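This report concerns only the one structure given below.
For reference, chains read A, B, C and D in written order, and residue numbers begin at 1 within each chain.
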Amino acid sequence: MEYTLAELMCVVAAREMPKEGTVMLGMGLPVLAGTLAKLMHAPELRVCTEVGAFDWEPRPDVPRTSIGIHDFILNDGAAMVSDMVDALGTLLMGGNVDIGVLAAAQVDRFGNLNTLLMGDYLAPERRLGGTGGNTEIACLAKRVLTIMPQERRRFVSRVDFNTSPGYISGPGARRRAGLDPQGPNIVVSTFGVFGFDTPDGGESGSCEMVLEAVFPNLDPDTVKLETGWDLRVAPHVREVEEPTEDELTLLRRLDPHHFYLTPGRY
Amino acid sequence: MEYTLAELMCVVAAREMPKEGTVMLGMGLPVLAGTLAKLMHAPELRVCTEVGAFDWEPRPDVPRTSIGIHDFILNDGAAMVSDMVDALGTLLMGGNVDIGVLAAAQVDRFGNLNTLLMGDYLAPERRLGGTGGNTEIACLAKRVLTIMPQERRRFVSRVDFNTSPGYISGPGARRRAGLDPQGPNIVVSTFGVFGFDTPDGGESGSCEMVLEAVFPNLDPDTVKLETGWDLRVAPHVREVEEPTEDELTLLRRLDPHHFYLTPGRY
Amino acid sequence: MRESKVMSEREAISRFVADGDSVYVGYTAAAYGLIREVVRQRKTGLEMIGASVGPQGTLLIMGRCADRVRTGYLAAALRPGLVQDMMSDGTFKYEDYSNQAIALMLMAGALGIPFIPTRSFLGTDYLDPKNVDHPGAYLHEQKWRAMESPFDGQPYVALPALRPDVALLHAQRADEFGNVQVWGHQGDARWAYWAAKKVIVSVEEIVSHETVLNDPGRTVVPGLRVSAIVHMPYGAHPAGQIGYYDYDYAFQGVSGMGQIVRSQELWHAHADEWIYGVEDHAGYLRRYVERFGEAALAAIAVDSGRTPEPGVRYGYAKQLRFRMES
Amino acid sequence: MRESKVMSEREAISRFVADGDSVYVGYTAAAYGLIREVVRQRKTGLEMIGASVGPQGTLLIMGRCADRVRTGYLAAALRPGLVQDMMSDGTFKYEDYSNQAIALMLMAGALGIPFIPTRSFLGTDYLDPKNVDHPGAYLHEQKWRAMESPFDGQPYVALPALRPDVALLHAQRADEFGNVQVWGHQGDARWAYWAAKKVIVSVEEIVSHETVLNDPGRTVVPGLRVSAIVHMPYGAHPAGQIGYYDYDYAFQGVSGMGQIVRSQELWHAHADEWIYGVEDHAGYLRRYVERFGEAALAAIAVDSGRTPEPGVRYGYAKQLRFRMES
């Protein structure tokens, strides 16, 4: 079955999500990937959004995933609906979110994200929409999975502006900043899957991104070409499995308006 | 019609309540007096409680006033029901309460209240139940009406412990403490009605309690006998009107279990 | 399949309440049935937490379960008796706050912030530095702090976040997965559901998961924060539960519950019959009916009050339109 | 008799929105009808406030009503165009926060506390002191402050309380006295109702006071805080309202609304037809039907979603029992 790298990226991100636990889905592809995971291998995953839907269980025949995070469909199957203070305060800052799933304009070697602007904050080349809830999810979720197309301009040595801390500048930096030492643990791109060199949950190791798996017919050197720093590669890089027909069929059913994935892009 | 001084105290307190505005009723007699006011001359008064009932409109045939402030009957006629953070935080501290109505164990010449203990805080003679929401209502309501039996041990020169600030130590003291300068404006006892010498809303004058009206057949000297300091008396002390039959009938109907007023006491 | 959180009160209390825990003990619709089970299991060294701690707290003190309290109001101290004595002789510790303070501190605990400012307490004797180490004190410098706003220098009081080890709550209903639904004025309970590390909820009714999903706006806490659901009709008795039954003031008289602070004898006269002398809440209800008859239970039934009208719908469009047909 | 707060959008906006006001502009179910009236009345110098400010904010910027924003996300800046240019050349000011920050700041404003702590932003470049006076800045030292907890020295960020001069909100229903009822996920609106000094609410339905009293738990704000209620069916269009109609994505395409940042011509092409060119919201709806037909309106109607089950009752006992009959 034909597929795009963006489709495979979403399928792999879904596969990488834990079977259970509380997940907060950020704007964009995380919503699509999270819904896919929930309907595939992770029915016990508790899907929450910052607008105020808690533990959303999409119906098996759900006509779409949420368009953005404000889609009213999130009220059909949520165990609780409330507001943003409850979602980003009580739930997230209160320590109840096991994994945050995020997208961004840039990611760097330490997993820091940038959602705000290109260039210098004091003289921006270009402003973006902004961070929304990305910043607090990166600061306060116990773990973070980032989904982002692999492009050299996006995978940079140092983000232009750190809106959403990964390991900041290396081991212990999160703790020194007042955050829990454990930060992001997975990045899924259009080329492969990355982990982080954090043997001790962010207190030791290089805390840099490490290539752990590549997409079919891609090799680490190709990934390095689209990475803006000297990328670490795991000793044994596995090859990601092709998306199954079930995965692709469901993924496409969840995005009937091509709101998330433009056919043929990437 | 026969009546007790305690009954007259409640009736007069009800009469002293404004025709409109938002009122927060503290534990005890304030609930009885506030409900009476609402059903008599002040149908537009917005009655709120710290447990989380907002703008309670008792039915004309309401079988009782609220027993305490947790009575479920407050959910019948409230425009909104919520929680204590909304009541004592959002509503009260947010600046939406025009008048707080309070009772206490002691009041002093500056209208400070004590709800916590008799004696020295570091070596109490006797502990009381505690302040509940009395402290924040005294700190944060725009005005305060206090209802308290007239006894020398209750009307003291200086409260044993200031749980609920009136004018603290005199003009400007509230502002210096970080509160709005305007504090309590009325005290109703079993002997009379008191105002405060605050020509400028707490910034000038003596800020002391001033006897403004006495109950029928009582004179200022009798009130002074049951007051623990040299009480100021207004140049023209009026005499409070007898309770009407309507007032007494409704008052007694609202307290069918004598939860608030023991017949024949005082 | 998602695991059920429904269990007996015996299991819930023995598994999730440890000696020495700080325990949110409720306010309106207090979880009396769970509280009695704590007394029955003779837990010790507990700290009680609540905006205002009513007679349920008196049971925990007289049962020698609780030895300290953080509250704005303690019913047990209202009249002379053993609790006032214990507060004087230092065997029962206390930190005085207020209803607003405890409610805000629970909210701060729920929000995961270190403290929350209040403008209450300004101008009171509470803040007098000499009162920090009062006879009942056990928090000292960690109780609160008078500060000034970094933005305008205005005074405020910093109240530290409160995260009780466990919360005991009684609610109207929940599903088996621990999604709890509540309606009516709530006091400080709304934030206790989110502040406590372990949450034990007794409910009048266990309803289907569908019933919860059909009105998710009534949910006060989702199952992900709940440790145990105990099906306990009349679980708030002798307090009431909005929509189910009202307060049973008469019981507090005839059972001697209102007098337990006056002597050990009066405490045991009540406790031996209504707590230690029954196996569980079901036994408590059986005894109640033996003693007072079904009619007594019927007499506290709700017979008045409002019912929501139809008209509310969490509606959306199955098909969204991205292109206008024309 | 209590006065009605119901009035036309023209009266509500002209009476309660002043040039230079800070305005909460909503998030989900934004009050588009009220926003269009603000543009129509050519208010100026407004500050926009919202956790995330969507396309309704773009209307206020392109209409020259708003010249600054406090938000975590600005849809108008998402793509290259006049708004990005105005942010570069300094004609449009901005202070970057986040969704959580704005929601918490509104809550702090509602609570009447000077600020609220957060643990968000720690470890980010936002807090770098050199970024305080960025090109869009207008708050400077009053924006926020990195601090340490007085209790344990842990770092936090103090977010100043936010009390917008006015909030523009769209809700499901209200009674004539301004008691507003809302259901479904709410974003940051829940606290904006309480934080703003003046509150203007457009609603899909005006319901009887009895309907409100019959389910007071659905009330998000009582009338005592509300300045005006505007009866405005489809008042959130082209956004949706839970239970009434869904988002009209197609309209944003055909009306050119999605392109207005690209040029003054494109802005006027849209605004002259859909804002300036109609008298009020009723006129807007008439034009919509003329252009696209009743069927277009029917196509965004809700056809799915949950409905609460009967069973909830705010019940109490008419007669309480203080003595046990026996």
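One rule holds in what follows: a contact is a pair of C-beta atoms (placed from the backbone, for glycine too) under 8 Å apart; a residue touches a chain by one contact, two chains touch by 3 or more.
Since we're looking at a predicted model, the values are computed, not measured.
With subunit D excluded and the rest untouched, write the groups of chains still joined, or say one piece.
Leave subunit D aside; others remain one piece.
Pick out whichever of the two, B-C or B-D, is joined by more C-beta pairs in contact.
Answer by contact count: B-C.
So what's the Cα centroid distance for subunit A and subunit B, whole Å?
From the centre of subunit A to the centre of subunit B is 57 Å.
Using the average of all C-alpha atoms in each chain as its centre, how far is it in Å between subunit B and subunit D?
39
So what's the Cα centroid distance for subunit A and subunit D, whole Å?
28
Of all residues in subunit B, which are in touch with two or more distinct other chains?
In subunit B, 53, 67, 71-73, 75-76, 78, 81-82, 85, 89, 92-93, 140, 257 touch at least two other chains.
For subunit C, which residues are shared contacts with two or more other chains?
Residues 104, 111-113, 118-119, 154, 156, 183-184, 213, 216-217, 240, 242, 246-247, 249, 302, 304-306, 314-318, 320, 322 of subunit C touch two or more partner chains.
Write out all the pairs of touching chains, ordered by chain label.
A-C, A-D, B-C, B-D, C-D
In the complex, go through subunit A and note every residue touching subunit D.
Against subunit D, subunit A makes touches at 49-53, 67, 70-76, 78, 81-85, 88-89, 92-93, 116, 121-124, 126-136, 139-140, 161-165, 168, 173-174, 177-179, 257.
Please output the residues of subunit B touching subunit D within their complex, sorted ascending.
Touch residues, subunit B against subunit D: 22, 44, 46, 53-55, 57, 63-64, 67, 71-73, 75-82, 85-86, 89-90, 92-96, 140, 257, 259.
Provide the residue numbers of subunit C that touch subunit A in the complex, in ascending order.
So the residues of subunit C touching subunit A come out as 2, 109-113, 177, 179, 194, 212-213, 216-217, 219-225, 314-320, 322.
Which of the residues in subunit C come into contact with subunit B in the complex?
27-28, 51-52, 71-75, 77-78, 80, 84, 87-88, 96, 98-101, 103-104, 107, 118-126, 130-131, 134-135, 154-156, 183-191, 240, 242, 246-247, 249, 302, 304-306
Give the list of subunit C residues in touch with subunit D in this complex.
Result: residues 104, 111-119, 142, 145, 147, 149-152, 154, 156, 158, 160, 183-184, 207, 211, 213-218, 240, 242-251, 253-254, 292, 295-296, 299-318, 320-326 of subunit C touch subunit D.
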